[in-house]
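See the structures that follow.
Next, two complexes with chain A in common: one pairs it with chain B, the other with chain C.
Up next, the complex of A and B:
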């Protein structure tokens, strides 16, 4: 079932994920600055850190009759679920938690976002927040099935739900080479469940910030950290599933994993500064009419090759 | 350690299940029920059925997230933030619940259960599958496809903005009829 993880690894995992999340935030600040034609200096790179300190000390906005318990629970769960998801990602060759059903574990941790983000929007008792929450659920209905099939396709290629086995199966050929559609679908779904960049309509300005409309102060910090941490978890998972994990010449496996993860993370973050926000109903149509048939065909091809 | 965890999750499952009927908001009831399901999922993992347990987390979270939306939409309390009671017809439902429990409990204790004859086969899951599905596999496949077709046609009949409503009978429109900016408006 599960191999008992070492205690130090369990303690170190959230710290490591936090560092990756901070890196993602700095990357976003840098891309944003470059997109606006300004210089990228340490001032820009340290902006997220300063913003974090500001959010820590600033007083929280209050709304009339919020459901404080569920509201805070929603925002607070984001980072926790990101850590849970990262636990099965092999850093190099070994994961913190090695589970024979690691792929399903990652998927289950991701579905907890459905509950967490809806509560983050709904709990404030604000119209904008509620709209954002509903938008996220609609977006989730669009990306979830393609995401599941993308995960299954990678598992099919290795004939195992154990992420470590999937990495091992790519020692010859990376899965991205013969299942590119699954890789792209996974990245699209990752952007969508992290409500990032083109898929940030649940939190976009046309609804005064949507799920984030009334989330302020330390709550906002928790949600932001959770969002960046999910981007990092997803990047790490995509490397394990499709980019050969820690495979590569000369360097040790964990370093290869880190280099690839940072590259994917940078690409994910960059989309925010390159692509416009997609309306949820349009993405819904694209997901069901284009993405779903494409990923089903992809898994069919993989199934035939494996047979 | 595992016993402590099992008891802890068991208490959490029962406690949050009771909370479903004690809390005064649809959203809290929904998410208390979800917590209860998650605790049961943890019990399944502790019993060694990791796949079943994690699948329960996955299914139940998605299901309750969607159900919460409908519960709140259709109840008399649209936003779900105004207090409302989760129990109705208290005396009747109490009588039914206690009556059912007593009947089932008495049955379990009083019926003379037969002693086991023979031994279970080595591949228990496979044997159960064979005995349930074996001769009826064709029927089950046909019924499965029939169910799927029923669901799809049900949705088609119920929706007023399917593909053909939006793009015309021959899908000839360039933009759907319900686009935010229709061709005429532009």
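Up next, the complex of A and C:
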């Protein structure tokens, strides 16, 4: 007998993620309007649709001797991996795919970003793209170990790699309360792997858009959707790992999860407008000298408490 | 069609400034901000190419060839005509016949460029027959958008297809010892003059190893038309204190853009436009105080701009703090001139940049403030 997830849930997952991605894009547009001194009105809700249609109309570019296959594969992988990651996130109490190793699965999907973003930068055969790609690899080198330890810390607290179990283990006390460092490290890593806001140096203005310098049309749309979808997946995962998942009074579990996820997503989006870009060389130092020792200490404390 | 009208309701603008284009550039930045038209980093994301000022014909053409299309371009000389020109650009994007003709003139899909010109007139228009080998060889344009092999000025005999050392017509990267004594590939890449958030007319030719600028040549292009007349006229219109403050905040907007802080960049633009547009003093004082708090005292921005190597040091941090301090006193008349400092920095630019990394190099250039002083004029230094 087929014992996997319901087909409708599998079909609905990408749609749901797209809706969250559009919400994130709208919110970012709202912050942008406010900063520019424009009225923040319903116009921002149309922003994601407008950009999507525009990018569908704009022609794709070709550069001189690109590795076209890998270049486009890189950008196209983003959304797919975001959906894969979201599959193990319990929406309320139930995930689309309940896995005994959900935490590892999420991490594995995230690791594919190393390849996806590197290829997006490298494939175009352009200086800006190449610099952006290298910047992302350096950034990944900085955030990856702290991220893994943050994931492991949450798993340690619940003595399970199953995200549903981790949510269940927080029925008494949310993990964020006694592992705040792990929560913060996870959010920093989320911004970094989604190359968003302060961690957008791989695609920053000083390098003419870095990995995105040569990407146009539908290819750019794919990367953009993938980026927002990853922010949404990460926000949903952070709620499951640290903010008690669907736990809360009165409202149904799925609604609690959604409310918390939107709140985290809003905070992630906001960082783009609040902070300048952090140069990768400076982040590298901070990650290895501050973040890594801090998260090791955090997991040690959690391990002692659990013992 | 309505869907297209919707899609291009807020066209993306690539704004580049030619010498003397300060007036139209400020007008474009203000209108784009008010209308919600994003100012973008790369031709790949642009629908409209706007050249503020005259004299960048050839570099602008190289950028133009990289816009994917639908696309349109405008050259602006008169600030008063900017609004109408932007309206016309938006209309042109929706003009199907016009866009079809443009696309047809460019050859097959996925091959946006046919003819490229190196900066010194190399004939790069050889039909190479393999689907776009000439693409994106824009030597002089966006910082480093050209192919991996090097830029236009290094393309001796660049269309010798399939020659031994030139796979696909691109020269192989040379090698040279880097600052740590390792043999590394070198690439020749130009910064400017047709680059957003870049001092008008400045060209910096860099030799790149990894992302380190191992050799730097500073020059300029375009007519001799420094920004001074614009700020002089502004001083006559709104008072010298306001004009001087606006010039400093304008320099700040560029630095914030290069530092990747779009939120504060937009807020700084509002302050600048308010200073030039006659906003009430009390409002401006509040906005400037807020800017000083958020930007001037930002620990993060300080960390990103301080300790940029032996020659640049904390120059960038000192620059934006100085601008903010000067602008804060806009009611007391113009602040003390920084011309001497700025001129000195401009003269030393090549030294400041040599050995810097790509991102810090861009920050150093953005801290130069040539608008304010008319520094970087021809003759100030040799190429």
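Simple rule for what comes next: the second predicted complex is superposed on the first by the 304 of 307 C-alpha atoms of A that agree within 3 Å, B and C clash if a C-alpha of one lies under 4 Å from a C-alpha of the other, contacts with A are read in each partner's own complex, and residues count from 1 in each chain.
Convention: a residue touches a chain if its C-beta (ideal position, glycine included) is under 8 Å from a C-beta of that chain, and two chains touch if they have at least 3 such contacts.
What you are looking at is a predicted structure, and each value in this text was computed from that prediction instead of being measured.
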Quick check for you: in the superposed arrangement, does A:125 touch first (chain B), second (chain C), both or neither? both
Which partner does A:67 reach: the first (chain B), the second (chain C), both, or neither? first
Is chain A touched at more residues by chain B or by chain C? C
Between chain B and chain C, whom does A:205 touch in the aligned arrangement: first, second, both, or neither? second
Quick one: classify A:58 as touching chain B (first), chain C (second), both or neither. second
Go through the superposed model and pick first if A:272 touches only chain B, second if only chain C, both, or neither. second
I'd like to know which partner A:137 touches here: chain B for first, chain C for second, both or neither. first
Contacts of A:241 with chain B and chain C, given as first, second, both or neither: neither
What part of chain A is shared between its chain B contacts and its chain C contacts? 65, 125, 130, 134
Any idea which chain A residues touch chain C in the complex? 31-33, 35-38, 43, 46, 49-50, 53-54, 56-65, 125-128, 130-131, 134, 198, 200-201, 204-209, 212-217, 220, 272-279, 281-282
Which of the residues in chain C come into contact with chain A in the complex? 3-4, 6-10, 33-34, 36, 40-42, 44-45, 47, 66, 68-70, 103, 109-112, 131-137, 142-148, 168, 170, 187, 189, 195-197, 208, 210-211, 256-264, 266-267, 269-270, 298, 300-301, 303-304, 357-360, 362-363
Mind pulling up the chain B residues that touch chain A in the complex? 25, 27-28, 31, 34, 45, 48, 50-51, 54-55, 57-58, 61-62, 64-66, 68-69, 79-81
Provide the residue numbers of chain A that touch chain B in the complex, in ascending order. 1-2, 65-67, 69-70, 73, 99-101, 104-105, 107-108, 111-112, 114-115, 118-119, 122, 125, 130, 134, 137, 140-141, 144, 161
